[in-house]
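Next come two complexes built around chain A: one with chain B, the other with chain C.
Right after this comes the complex of A and B.
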């Protein structure tokens, strides 16, 4: 099968599944998961086949382009040429896209599988799987995109599916509010993206990734313009990849079903921003200032995310803030000039973070709580599969040898160390906090004493469907086990033991063992874990201690650095203030004064003139005589008349 | 002479109207079927027209010319080019769906459908004619039934809204007729024929400027140009569902259509002279309309002000005076027409059954009526400019042109994308999400029959959103030649 057919299958299989699910009659809705899973499997296999066919990395990039819209307009661009100012859609196949599409489709398949277990009792399963398929379709389009506009099209569509899935349980007020917040904040960030695209298009006439390289851009545009365009487009990245200060939507997005958090809000969609940074690296790196801006934002994000993760009780919120901070690390790597390091961490993170989210889903589904203390008290540690997966994922997240995160995170640290000491220290701090919150979570779940008398726990045991039929149990275990295995193997692909395959593939340099760095990370891990152990070796006392403690740092962390308050001020006070003023203008000035005012004045005028018609003959006569005299006077005066 | 396709499209609703008038009022279903058949016939003919339209020919096609009052240059002249082919298609689609949606009307059925068909005949006429006298005549024909539809079948302050709407529209038409007469009086004029005026009359710059301003104000009123927009949301709210669909979907487009067809076509220099003013007013429309929409409590008022905001995009596209801007403006006219029709087609059944449109009284309707909710959300997504929908392409083209021509205004206008997302999603959340409100207890979802018109509208939005090239190809020859390029 040739490449183009494979690409079409990857792109359209999920869309066909989505449409089929919509067309299913009511009584056949239970087949929806199977349709969606089939499409996801087909897409994953096709992208693996595509990857395999191009494993040597030759003959790339390949492009398949279809003209979408011609905008060549002589009045705007007098010297327009034929192939410029055309908006295309199509498929771009190169190493970066191949890696990303494989990561996306494979994780999507496992999440589909896990969803079958997680959503087994939900009445709206068909809707859920339909949305999931639509997400797979949009994400594929985003990854295979040939130009910035196509990226933007699918960028908005993945945003839409994210909105629909966060608000999946729309009866819950918190879910629908979180969904709206996610969409609106992303929209705010996308204003910059949109404007950046428009300006770039107006000035250069092309949005194709293959055109956006240093020579072309520097020849076409001055440095300051490149900086502005770069920062504008980076704004979109800040929204989608939850960078400071747009990160606030991501923790709230955890209102969605947990497999969705695993797929969309940790592994794939939120990583799309980082992917775009690597994809259009030529554009961003053509300005030093843009790169510095990216680096600073990434650093702030990593620090804010990691510090907020340390105080959360909700297992999904911990993971969400952890995702924020890890995305910050990836952005830092790219800001420091190494797209390969960022993408490598994106890849490993995608696997171990989706693993962690699915594990948390297993806990939540089983123990009916998001709270790590409650999960521990209800017997979290007895779920052996989940605990094993949790340990694996957390070790990887902390960067413990030999798990995947070790290789990718150390690479980022190394890149930063060579780039700038200040950002290196910030990243070290982030790593330390990461270890601390990871082990805090692990220790609380493992060391909590079980409370046998808890009502919820009994009901959990009373319903046998939780540990029920073989097929559903398999749908729980297979994704966890597969993702665990992949996230171990994936790390080695970036090391010298396997010829640094993944890194070289991404255009990075071969890594070499750096003893200084190894020692630093070892110290980090041991001290972080130790600190967590000291605080949380006895979770019950830690809990009471935490609830009683007060202090400025705790307040700041609990209020999430007051960023939500700033947003609330901006919407409630500034935005609604302007809207209120405009609405007042509309009511009082535009409607009352102008429209009704005119109408009433005309009425008044009518009342005045109607007084003339009072029915008295002598009045009419005097009016006639008076007007007659005036007219005669005027005619004489103007000296040109009948006289 | 070839088959008079344009007159046939126009005659479909007229024949339907005559048949309806001869039906006994008791035969309600027969009246509905006749109306549907005539609307369907004009839709089929419009589609035929679209398929046989030669998009590479800049001149009027399918021209019909019948002399009427020759000495005054008043002739029945019809023609179609890239501009009005899309508007004819829009009108045909909206009336077809409007008749289907109106199936649930039970009060004075005969009068309702008669008015509806009469209105559409007028609208078709305005879009087709190339003679200014007939332009005015058809326009007046369209206004009167709209008044009756609102006053008799409307809701919420209907007498006030109907009177306001009618007076406003007549004010607009008075201004435009004065402009027409002035052009008629100029040397070389003495005709109402659009093409003849263009060829024969040499306007001085002063005449261009003053005439354009007059015509722009006249047409601007219809296009709900700030600050003459107040009639439009009130009219939207008061009108019955099908009338709202036609009103927001088609009637508002008459204004923007007139600006392009008459004012810009005849007076390009005047248009360039006033372009800055139009751009500023358009920006007011876009941003102001969006902000005011966030403050509304009535679902229909939200849609009304969103229309004000979206019509601003049309005006901004025109103000750029570039083919790309015109393309975007016309595309926006079309997709906004379809989109608001869909909006009102969704609000209609909600109001009929819940007896309220207030955001505070509604909630959780998605549980009761998933199909209506889905359609409303799709319309909302189109409104906030989601890619894959017609509006996105239209807004993209206008933004490209606006940022080139008026960088500051273009950049500020983008803010509306954010505000629109905010109020659309807030409305969706309040009406369809959350726990079910008492008002929604009796809501029934629409059946398969009522599914059809809404699905047609969604299909149009998606089709032209995914394949915008087809639409742009229709109109781009026209927009390129409009400014003599």
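Right after this comes the complex of A and C.
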């Protein structure tokens, strides 16, 4: 099996699954999960095979390009200097996206598996698995694309599936609102992305990733233009990767089913922005100002996300804000000039964060609550598999040795320390907050006293999944266990301690065990955990204390730094004002005068036309002969000029 | 020799056979007849395909067989076959007149095939009249009396047109002294200044609009479509249109197109489109609506023809083929709806909830109507696209713009039917069965509508080739 065939399988298997599921007759809809899982497994195995075949990184990068459109119209753009504009589609495979495609397909497979457990009782399971397959198709397309436009097309498709899946339970008002919010904010950000692509294409005539390097771009364009293009394209990243101030959609996106949050809104799609930064790093790094802008945005995002995560009660919201702050960290690393560090953290984060989300899904499905206090009181700690997975995931998130997060986060800290002390301190603060909210969550779930009566009441309500069959139970345990194992092993892959060195593979430098940094992180972890322990060793008293206390910081955090309020002002007051004016124009001028007016005039014309058909033969003949004579005269006149 | 004349021979023998059948005392059963006609239609199709690549000249150069004529004969055979299929399913023809219906269908098809090959004004006139008189009779054959009026009008209107055409022809022949079209059109420049010659040519050309149902000779169409039996209308709406396009292509391409003539045709096309589309907006009888739609379509075809270029001619050829396919598809659905309603003039409301009663037929209706309106990726879009771009090449941008605006208007009435089929709840919810024969034909038509729309390359180059070969020098 050659590489191209494997690539086609990876790309098309999920699409075929999606089409099959859509075409299934009603009585065969229950096979939908199997089709989707089969396709996901096929894609995952194919990408693992591809990864294995290229594990030594030889013969990279490979391109399979097909010409799509060729435009050479100078009359449309008189000021351009390029003769031919060629748009390609195809596959580009290099180390970067080989890693990414493996991460995406493997996690997608585990999420498909877990979804079988999580969605076992949902009526629209077929629709769910169809969308999931379509997401897998779009995401692989995004990762494998050769140029920015192709990326953009799939970028929009993943945005669409994200919208569809956030609003999967569309009968819930909050879900459909959240879906709309995510969609609108992403469109706003993508506008910048698209403009950036257009400007870049007009000015350089190429969008291929292989062409976008410093020398070429600096030769073609002045620095200021490069900065503008970079920032415009970065806007797309800000939307998709939930960077400040576009991060507001991600916490709301938790309205979707939890496996979706694990796959799309933590591991893969939201990381697509970071992936794009690394993918087109040559473009972004050709301007120092762009990189600084990226660094600042990343820092703001990391701080906002981490601080907001400290006060949430909803387990998924905590994880969502945590995702925001971790994405911020990745963007910081890239802004500091190390795409490898960012990508490395993306990889480890993808595994442990999807693990955490799936674990939260297991809790939510089992205890029917998102609230960590309620989960604790209903006996969260008795679910041994879930608690073990939660611990592993959180330790990894905090960066405790030897879990995956330790290696990747330390690498980012090191990169930042070498880059700039200010941003280093910000990152330290983020790490501290991360440890604090992680342990807060863990302690509340572990230390809460079980309320027996409540739980008994819950079980009385007949839980079909308590007596779940072996297959469904396996679908719950296998993804959790596998992702947990990967989270542990992943970190070692990054360092020089095992044979395959992921980080070197990504083009990063060899890491040294830096004692100063080790001590710093150790202090961070211990102090953060201690603080969380002091506050939450008794969750019940902490809860009452928290609800009673008042203070400016608490208000600011609860109002999420007033960012939502700013958006609300902008949309409700400014936006609606402008919209009102347009609506008036649309209703009065466009609809009544232009559209309906034209339609009615045409209908009037129709009445006249059908009057000619009056059923009288003599009238018909008069018309025919009259027009015939007119035509004949006209021809004779223009032919001989005798009239 | 025999192969050259194969399709016409087959039709002639068939008509003789049918004539004998009418003389038989004990009438054969309807089932036997329809199977016999279906077999003949298939054989005719095979015969046309067999003689597709032949070239030759017959009857002392009055009859020409080339790729162009054989291509059109194949289209006619296709329309014949589909009409036979529809007639077996639903016809409002008196039982004892069924053989005659098939007989006139056969002679009509024969006349149309001869129109494609005739290169002499006499043979052309005979061919036109043969097909015309067959159609008058087809239109008249129906249970009930209401159609008598419209078929008499059809006859008188048609006969008048023929008379005027004949007068025009006699002027032309008298001035040139030849009946060969090639010689007439190659006549010396001195003649083209003669008013009598110009009038003669103009009147004959205009009389061809009668078959195409273009303004000002479109008046028969709404009445005949409404009152004739559905299979007969389907034949008139498909084969007869294609035959008219054939003759127009032969005449206009060789004559070259004087600016004044092109101008006059442009005005007629303009009125045809506008009149057909706007009047169709008000119709509730679907057959009448399709009649007005055919008037508008005649306008579109004229837009392609008046460019006078090889490109315009070949795109008109392609569009005529496309038109036969999409109109046949529409009439197939119409016939089945008429059958289920037990009413030969289905109103738009009879299409209510077709999507629930038969999703396949509703899809077919959607495809055929959207194709008629010119929505991509269907064949109607591709046909219109190349037709209009060939007119644009010659600078007729105003007509093209008008035609495109007209397509928008036409979308309204086409979509009204589609809306009834898909959105309105039906009163009668019984599922609508599609018999197996029609199902095969329907799948073939649907596939053609979509596939030829997306991959038209082969057929376009066929049309170009055929038109280039059909040029009479």
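Operating definition for what follows: the second predicted complex is superposed on the first by the 562 of 643 C-alpha atoms of A that agree within 3 Å, B and C clash if a C-alpha of one lies under 4 Å from a C-alpha of the other, contacts with A are read in each partner's own complex, and residues count from 1 in each chain.
The rule we apply is simple: contacts are C-beta pairs under 8 Å (C-beta built on N, C-alpha and C of every residue); 3 or more make two chains touch, one makes a residue touch a chain.
Note that the structure is a prediction, hence the values are computed from the model and not measured.
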Which of chain B and chain C A:610 touches, first, second, both or neither: second
Partner chain in contact with A:635 - chain B first, chain C second, else both or neither: second
First, second, both or neither for A:160, with chain B first and chain C second: first
Contacts of A:275 with chain B and chain C, given as first, second, both or neither: neither
Which superposed partner A:244 touches (first chain B, second chain C, both, neither): neither
Shared contact residues on chain A - chain B and chain C: 599
Touching residues on chain B, where the partner in the complex is chain A: 164, 167, 227, 229-231, 288, 291-292, 294-296, 321-324, 364, 366-367, 381, 384, 386-388, 392-393, 396-397, 399-401, 403-405, 411, 414-415, 417-419, 421-422, 425-426, 429, 432-435, 468-469, 472, 476, 483, 485
Residues of chain A that touch chain C when the two form their complex: 599, 602-603, 605-610, 612-613, 615, 617, 620-621, 623-628, 631-632, 634-636, 638-640, 642
Residue ranges of chain A touching chain B (in the complex, touch as defined): 67-71, 73-76, 152-154, 156-157, 160, 163, 167, 170-171, 173, 176-177, 179-180, 183-184, 187-188, 190-191, 194-195, 198-199, 201-202, 571, 575-576, 578-580, 582-583, 586, 590-591, 594-595, 599
Complex interface listing, chain C residues touching chain A: 153, 156-157, 160-161, 164, 192-195, 198-199, 202-203, 206, 215-217, 219-220, 222-223, 258-261, 263-264, 268, 274-276, 278-283, 409, 412
